[in-house]
Amino acid sequence: MADPRFFRAVGPFTVAEIAAATGSEIGGAANAALSLEDVAPLETAGPHHLSFLSNAKYAEALGQSRAGAIFVHPDSADRAPACMTLLLSANPYLAYAKAAGQFYPRPRRPAGIGSGAFVDPSVILGEGVSVGHNAVIEAGAEIGAGTQIGHTSVIGAGVVIGRDCVISPNVTISHCLMGDRITLFPGVRVGQDGFGFASGPGGHLRIPQLGRVVIGDDVVIGANSTIDRGAGPDTVIGAGSMIDNLVQIGHNVVLGRGCVFVAQSGSSGSTKLGDFVTVAGQVGIAGHLSIGTGARIGAQSGVMRDVAPGAEVAGYPTVPRWQWLRQVAILDRLAKKKDK
Amino acid sequence: MADPRFFRAVGPFTVAEIAAATGSEIGGAANAALSLEDVAPLETAGPHHLSFLSNAKYAEALGQSRAGAIFVHPDSADRAPACMTLLLSANPYLAYAKAAGQFYPRPRRPAGIGSGAFVDPSVILGEGVSVGHNAVIEAGAEIGAGTQIGHTSVIGAGVVIGRDCVISPNVTISHCLMGDRITLFPGVRVGQDGFGFASGPGGHLRIPQLGRVVIGDDVVIGANSTIDRGAGPDTVIGAGSMIDNLVQIGHNVVLGRGCVFVAQSGSSGSTKLGDFVTVAGQVGIAGHLSIGTGARIGAQSGVMRDVAPGAEVAGYPTVPRWQWLRQVAILDRLAKKKDK
Amino acid sequence: MADPRFFRAVGPFTVAEIAAATGSEIGGAANAALSLEDVAPLETAGPHHLSFLSNAKYAEALGQSRAGAIFVHPDSADRAPACMTLLLSANPYLAYAKAAGQFYPRPRRPAGIGSGAFVDPSVILGEGVSVGHNAVIEAGAEIGAGTQIGHTSVIGAGVVIGRDCVISPNVTISHCLMGDRITLFPGVRVGQDGFGFASGPGGHLRIPQLGRVVIGDDVVIGANSTIDRGAGPDTVIGAGSMIDNLVQIGHNVVLGRGCVFVAQSGSSGSTKLGDFVTVAGQVGIAGHLSIGTGARIGAQSGVMRDVAPGAEVAGYPTVPRWQWLRQVAILDRLAKKKDK
């Protein structure tokens, strides 16, 4: 059970309610009236808990589980104990994510302006907005209904934030237009100048960065990640993109919908990514490239050329993943051969 | 045109004024009295806009451009339309950077102390200093004339900041002496303890870090970058150096003038860099090394040995760039050979 | 001498006092009553300064040093000038760390609540707690005796912090239980959601992260590092672990005692590390791995498989260090051969 100091489950929900909310079919022991009080892993779940099996590899744990109900793919349903109520789903993990979100809705701070917060009189606050203690919102900003601004966060002049966003504490936003239901975790920096300068014999001279950051609906940006504003065109984070911690997005970069950037990865300026591109941890992408829809970039890779839609690449510089695996194997063999 | 919610161009300026300010020569249609209202890219510029051509590769776009005036190298001048006023310059990009900075001077917050800010009575504030809302300045700090301290930023005891600096919001500075015209972007951390400890059977014991951070004039430090103070000697960031986001500079590191660190790169402790060293993205430099003036380190490289002045290196561990390219080519060939 | 604007040495201490505090034996000129006023490097130390020799490589500097007393290994004692008082120790660097900490104890802010700070009435503050200006502490948090909360830092609801911890400015903590004597440097983010989501045709859906972060005694976490809370199990940072700047620790990761993570390294979710594992700079560790006690991971490596206790590995993917060195040597030789 989650630590009640930090989490509170709402509910209970019946199996029937969960099935309806997640689009699952009830099977197995099929007790639609069973009352579910919480979610739990297979190993620790009890008779009033909801669990899931998303990987056939763990089917053995399923046989041992005391869970009252589980999400399971129809193909693995026969591995469940006879007394278990099944919620059959083609994507049990996704169904579980929905149900868990039902038990643990994101907590919402009460509407109103916290102590010590500075909100410029020209700021437009939607209904139910919560402004944290000691936060700062500069002139002309607009904050959509239901949005929460974290303690000590700073929202710059003219910034527009949509509805039901969660801006965590210690965040800085400037020169930015944001959609709805966006989450920025603590320490995120959005909208500062891109890294643009002209160099001469006297040194480097910064070039005014005259673009913005445009962030689509449902985007998540991880702790201490940095998104620079565009130099003239905008930096764009497509709707539904998931950005992990300590990620760098350079000026003019455009992410399509649903892109994933794992921790400590980054993209240099002006690179364009299609939809649902996956960038693994500590990857670096050079500037002015084109990465096709659905491409997958392996961890720690260095991308120095365009990547075709759907391609899976790895290495530095990146090559098709199978080719990188061969490079690794060959080098390994050569190193061992030296022994003889 | 830049979004007026975030940017406001001053001006107009005549071609003659721009030419004088940038040291360019007027040519082509040569209308020195032409009034310029804004800067714009070649493709979108109109008859009262100023643009530039810095790369002969884009000369075709020049022929199509409707810009009133452009910065151009004399060698490419004949590619411009007959009706265009030319500003001839040996370094058109640098001239453009100067002119763009004239149209878009950095905004300046009004002098004074923001609401909720704590400024210790012993702090010395120069003329025109702006202290943001909820900022904190501890005892004995000195802030030079015209400098802006961002909202919620924290300036530690005894810190000295020069004139006309811009400290963005959510910045932390301690144990530091700073020159003039320095910009720190949001989330920068300067002056915390270096990573120094002695290890024994009982664990690790921290060693007091008794040095400072000394930052030269005109330095720029990107969002969420971290500069540790020295262990006894100082950590030094040479004048005019440009540091991008999420960069780590360890204790006792010394950067010469005009060094460039691209995003997510870092240097371990006690390494010394000459002037105008370029460190590309995600590079790691080991400690106690010497990197010569003008050296260039390729992206994602791992520097484990000294680098000679002017050398261009890449790979992990770094080798001369041409040699790294050969390593890549050979490995590629071997991997493909395996097919047969 | 350290800059008195930032550091103040307490003392003086006699050689006898230092010997007792560090468990060293007095030798050489053996003046137990000698008064020591400060610590200093061998090169600059004077007759009332304490220094150390931890590396036989610098024994020559020892011969030239004017230090009044030094920590030295018995094996190098004969290299010291005749007039020098020796503090003989099997681990001179560790002894020096102790003594230097005696001269420069960490400064402590006065107890009390700073101006503009918000402390929920339900918060339990131990004796001598210092809450910085404009800090925020939410409902139900408990702060142990002698702990300092930095200016503008935010402590979330229910967080428990032990005794004598130093939370620097601009830090964010939530969903976390912390031991005693822990130091968090500026910009650290602890306890935000791990990067967990389920993906379907409609996009990505976040999964509630129902675990905590548990941090053992004496842990140090560097500037702008990020520690995500667990998904259900906890994220655990073992006692005495030292984490440098810009490090990422994913959800459910478990560190044993005394682990070291150098700057810009990171571990993906659910990986378990034993005690005293050393992870060098910019290393990436994949998820769900097991890294044995005492293992050492070379800089910039990519760990994609388990690492045995005590193993020293390097490369991407990691192999035993000697094997990686061979890979490097072979590739180097092949690249040069091509010339002929």
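Which chain is which? They are A, B and C, in the order written, and residues in each are numbered from 1.
Operating definition for what follows: contacts are C-beta pairs under 8 Å (C-beta built on N, C-alpha and C of every residue); 3 or more make two chains touch, one makes a residue touch a chain.
It should be emphasised that the depicted structure is a prediction, and the values quoted were computed from it without experimental measurement.
Undergrad: Name the graph shape formed by the protein chains and their touching pairs; answer line, ring, star, complete or other.
TA: Looks like everything touches everything, fully connected.
Undergrad: How would you label the chain A and chain C contact, same or different, if same means the shared numbers make up over half of all numbers there?
TA: Since fewer than half of the residue numbers are used by both chains, the interface counts as different.
Undergrad: Where the centres are mean C-alpha positions, what is the separation of chain A from chain C, in Å?
TA: Centres of chain A and chain C (C-alpha means) sit 29 Å apart.
Undergrad: Would you mind listing the residues of chain C that make contact with two or more other chains?
TA: 116, 134, 152, 170, 187, 224, 246, 264, 282, 331
Undergrad: Within the complex, which stretch of chain C touches chain B?
TA: Listed in rising order, the residues of chain C that touch chain B are 2-3, 5-7, 39-41, 91, 93-94, 96-98, 100-101, 103-104, 114-116, 132-134, 150-152, 168-170, 185-187, 218, 220, 222-224, 239-240, 242, 244-246, 257-258, 260, 262-264, 281-282, 299-300, 328, 331-332, 334-336, 338.
Undergrad: In their complex, what parts of chain C are in touch with chain A?
TA: It comes out as residues 116, 118, 134, 136, 140, 152, 154, 157-158, 160, 170-172, 174-175, 187, 189, 192-193, 195, 197-200, 203-208, 210-212, 224, 226, 228, 232, 246, 248, 250, 264, 266, 268, 282, 284, 286, 302, 304, 316-317, 319, 323, 326-327, 330-331.
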